[in-house]
Each structure stands twice: as C-alpha cells, then as structure tokens.
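Here's the structure, in structure tokens; my notes come after.
Note that the chains are named A, B, C and D in the order they appear, and that numbering of residues resets to 1 at the start of each chain.
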Amino acid sequence: MTYRTFRIPVELRFRDLDAYGHVNHAEFFTFIETARVKLMEHELEQRIGPGAPLFVVVEASCRYKEFITLRRDVVIVIQVEQMKRASFDLLYTITDGAERVFAVARTTMVCLDSDTQRPTPIPERFLELLCEKEAQK
Amino acid sequence: MTYRTFRIPVELRFRDLDAYGHVNHAEFFTFIETARVKLMEHELEQRIGPGAPLFVVVEASCRYKEFITLRRDVVIVIQVEQMKRASFDLLYTITDGAERVFAVARTTMVCLDSDTQRPTPIPERFLELLCEKEAQK
Amino acid sequence: MTYRTFRIPVELRFRDLDAYGHVNHAEFFTFIETARVKLMEHELEQRIGPGAPLFVVVEASCRYKEFITLRRDVVIVIQVEQMKRASFDLLYTITDGAERVFAVARTTMVCLDSDTQRPTPIPERFLELLCEKEAQK
Amino acid sequence: MTYRTFRIPVELRFRDLDAYGHVNHAEFFTFIETARVKLMEHELEQRIGPGAPLFVVVEASCRYKEFITLRRDVVIVIQVEQMKRASFDLLYTITDGAERVFAVARTTMVCLDSDTQRPTPIPERFLELLCEKEAQK
C-alpha cells in the first residue's frame, strides 16, 4: 500500500501570534487540525456530524524549528506514516510553501464509532483518500 | 472624500466552532481583525512592529444574523463609515461571498503613537489606502 | 422586578495576550462568555447539552477603557439590564476586582428551543437566578 | 539535585470545547502553558518582558487519556524531568485534582537571550524555583 502526500495551505491570523510576536506553540496543533479537516472535508466531502465516525487525536507531538511571524499562510505537507485497522499516524511538515520548515508534527488518531465511542474500522472511503490506488494491470 | 470598499476572504477553521457546532460569537471579532490586518498588511505593506503607529480598537460591536457552521471561508466586506484625525469607524459585513449575511459588525479604532501611547494622526498612506483618489481633471 | 448583580472572576492566560502584549480585544467577549457560563453552570447547575434551551448571543458590544496586560484574573460584574419573554440584555463591567474598569460590554441573548431553533420563553429557574426574590411579607 | 513538583489549577472556559463538545486537543497545550506561566509568574515573580530571558518551547507532546468536558478547572501537576545548562524538560499530568488523569504532556524548553536570540544559561533564580534546596547539614 502506498500513501499519498497532501499539501494544504492554512491561512494565518494576527491572533495566532502571542505576546512574543511569534505564532504561539499551541497554535501549531490548530494549524495541523485545520489542514486535516480541510483534507477530510474538502477532498472527501465527508461531513463532520452525527453518525459520522469520530477521528480522535490520542497522541500529538511537535518539534519546532523556526519561529513563525506574521505572514499570509503556511503550507502543511501531510504524509501517512502508518495505517492500522482503527488508527493511523500522520506526519505534518509545516513549511513556507518552499524550502523553509517551521516545524514537524505527528498525530496518532483513532476512529471511534460516534454512538458507542469505541474504536471502529477506518471507513473505506477515507482509506481510499489517503492511499494511492494500486496500478491497474 | 469617498471611501473605498474592500472584500476580504477569511479562511475558517474547525476550531472556530464551539460546543454548539456554530462559529463562536467572539470569533467574529477575530474574523474582522484578520480581515483588517490582511487589508493593512497586504495592500498597504505596512509592517506591524516597533515604530509603526498602533491601531487600537476602542469600541466594537456585532449584530448576529445567522449561525456560521463549518465552511471554507467567509468574505468580509469592509467599508469606512467615518474618518477623523486620529480615529476611524469601520463597518464589516460578514457574508458567504454572495447574498447571505451572517453578521454586521463595527469598530472604532484610534491611532496611537507607539512610543507615547497617545493619539496621533492617521498616517497619510493609510488614508490613501482607505479613500478613493479624487478624480483627476 | 429587581435584578441581581454578580461578580465573577475569570482567570487570565498568557495566550489571551496578542502581539501587542495586551489582552486581544476579541478575548474580552470570551471573558464575558466564560463569566456568563460560570454563572449559569455553577450557580444554576443547569447543564449545557441536548434538551436544554440554547442561549444565543444576537448582539454584543464592548467599549474598551484600558489595556489589560498579564495578570492573575479579572472580575466581571454582571448586571441584568432588561428581561423580556424570550430575550434579555446583560451589562458586563470588566474590572480588576477593585476600582479599575478595563471595559464595559453588553450582550442581547435570545433563548432558543434546542429542537426547533425558535425563540422560547426563558426558563423559570433561570429567571429566578437573575432576579431577586421578592421580599417575603 | 532533587526537583520539586507543582500542582497548578487552570480554570476552564466554555470556549475550550470544540464542536465535539470536548476540550480541543490543541487547548491542552494552552493549559500547560497557562500552568507554566502561573508557576513562573506568580511563584518566581519574574516578569515576562524586555530583558528577561525567553523560554521557548522546542518540543511538545501530549498523550490523551480521557476527554475533558465542561468543568470548573483542571489541576496540572508539573514535574521537572531533566535540567541542562540552557534547556529543561517538564512533565505535565493533567488531572481532575484527584485520581483522574486526562492527559500526560511533555515540553522541552530552551532559554534564549532576548537580545541575541541564542541559548543562554537558565537563570539561577529559576533553577532555585524548580529544584529543592539541598538539606542543610
């Protein structure tokens, strides 16, 4: 199985800066969430709401390389690192859209049934979104 | 003096929603701030930082018409309502980019000298940004 | 009918400051929301959730008097200005707990039925919370 | 060298919840920042501002155990895991003040000189705050 890579721009806001004049470190997790939801919402057209499985972050980490000051946007490169039955790991590289890397982040997400709140297999459509179609012979 | 009208898109984030599933009412003020900074930053290329005059909100209000749920963006129409020597009033119409109006907001801003923290005349370049050039005869 | 006055402390966070080093102006609306929810949650023990009527902000405004820099908390004095059948106006004075007034804000809220999303009378228990009991003879 | 343990309450806000009705996962990093600043500000009385060394997060991670829904506060237990010359690791256990653990987080912070933006030794007063005084013989 080969995983796809996504490049998602996220617009910055003045409010993302903190009193140091840099984007606050917690905000990086909102950036990657925004990118993830854009990916899922706009490419898959999967609605967030009742009935839909819940993707829940069970682990998140970020390694900060460079301060982000006020700028138009960042571009987040999302790569799948691992897919299991009910969970998956994503790697996010937060860039300026070119060579600069501001931070590298990871999340482990679990897919929960919205009724039972228990792990449930990742929906097929979501797998198809994240993985390359195999070459047709 | 004739004032210009600006249409500034602001990208939404999942995090803008609150536990009711709507964009939180305080977030509307962040939207209009984001639009205002985009206007000032990107059109005027005026840097926010030491030395630059400080535009400070002294009054803000919003009338909410319709809930905003998760969507790609909103388009904020900014109109100057009044210009004084050291302060100005802006009117913001928060729309879907077409006919729908989610909210109408207003701010009164004062221009402060960043050293003295006292009112200072609005910079000429900023006036030119907000106002139509007079017809050339 | 006489209305009660409430004094609700709200703890500040470093993240409430923006790049100017002051509490961001949009955050004042989060402060008054926090105070309002503390009032409703902790005094009335009314749960926010399915079935409960929804209190929706239809208008909000704030007049800023003084910058707030990093401090332990603010104290928000909440006063009822007007009660109607399905809506009410609150006045919030954002203070240092003593004489200093940082801002004065107002909201108009409407009580919506959570199923129909239409205005519904303010629950009796909530009225009792906001209004003085009449003197017992 | 023995490190001290700190228990810092952080007040919750309705706005910390996201559209799922749980505290948003990025907000946990704001909680631990709030606790850290309360620790540094209120116990050390060290001002954040020009001249003071800058404590910058270079790595942050969180393992989520349980959803947090609307509640009065969380109590964050902060423990020093490692102290180096110009950096230190903190472990945060986000609890209900008793037995429940909502999440466990870690940060690596570097102390920067605010002028040169280069690593600088952790100030002595800050070391004294974090470490037990040795038993006097």
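List of remarks:
The working rule: contacts are C-beta pairs under 8 Å (C-beta built on N, C-alpha and C of every residue); 3 or more make two chains touch, one makes a residue touch a chain.
Because the structure is a prediction, the values reported are computed rather than measured.
Chain centres computed from CA atoms place B at the largest separation from subunit D.
For chain pairs C-D and A-D, the one joined by more C-beta pairs in contact is A-D. Inter-chain centre distance (subunit C to subunit D, centres taken as mean C-alpha positions): 30 Å.
Work out the mean CA point of subunit A and of subunit D, and you get 25 Å between them. Each of residues 14-15, 19, 21, 24, 26, 30, 33, 48, 70 in subunit B touches at least two other chains. Put simply, subunit D touches subunit B in their complex at residues 14-15, 17-19, 21, 24, 26, 70. In the complex of the two chains, the subunit B residues touching subunit C come out as 19-20, 24-27, 29-30, 33, 48, 54, 56-64.
Chain contact summary for the complex, subunit C toward subunit D: residues 10-11, 13-15, 30, 33-34, 37, 41-42, 48-49, 70, 72.
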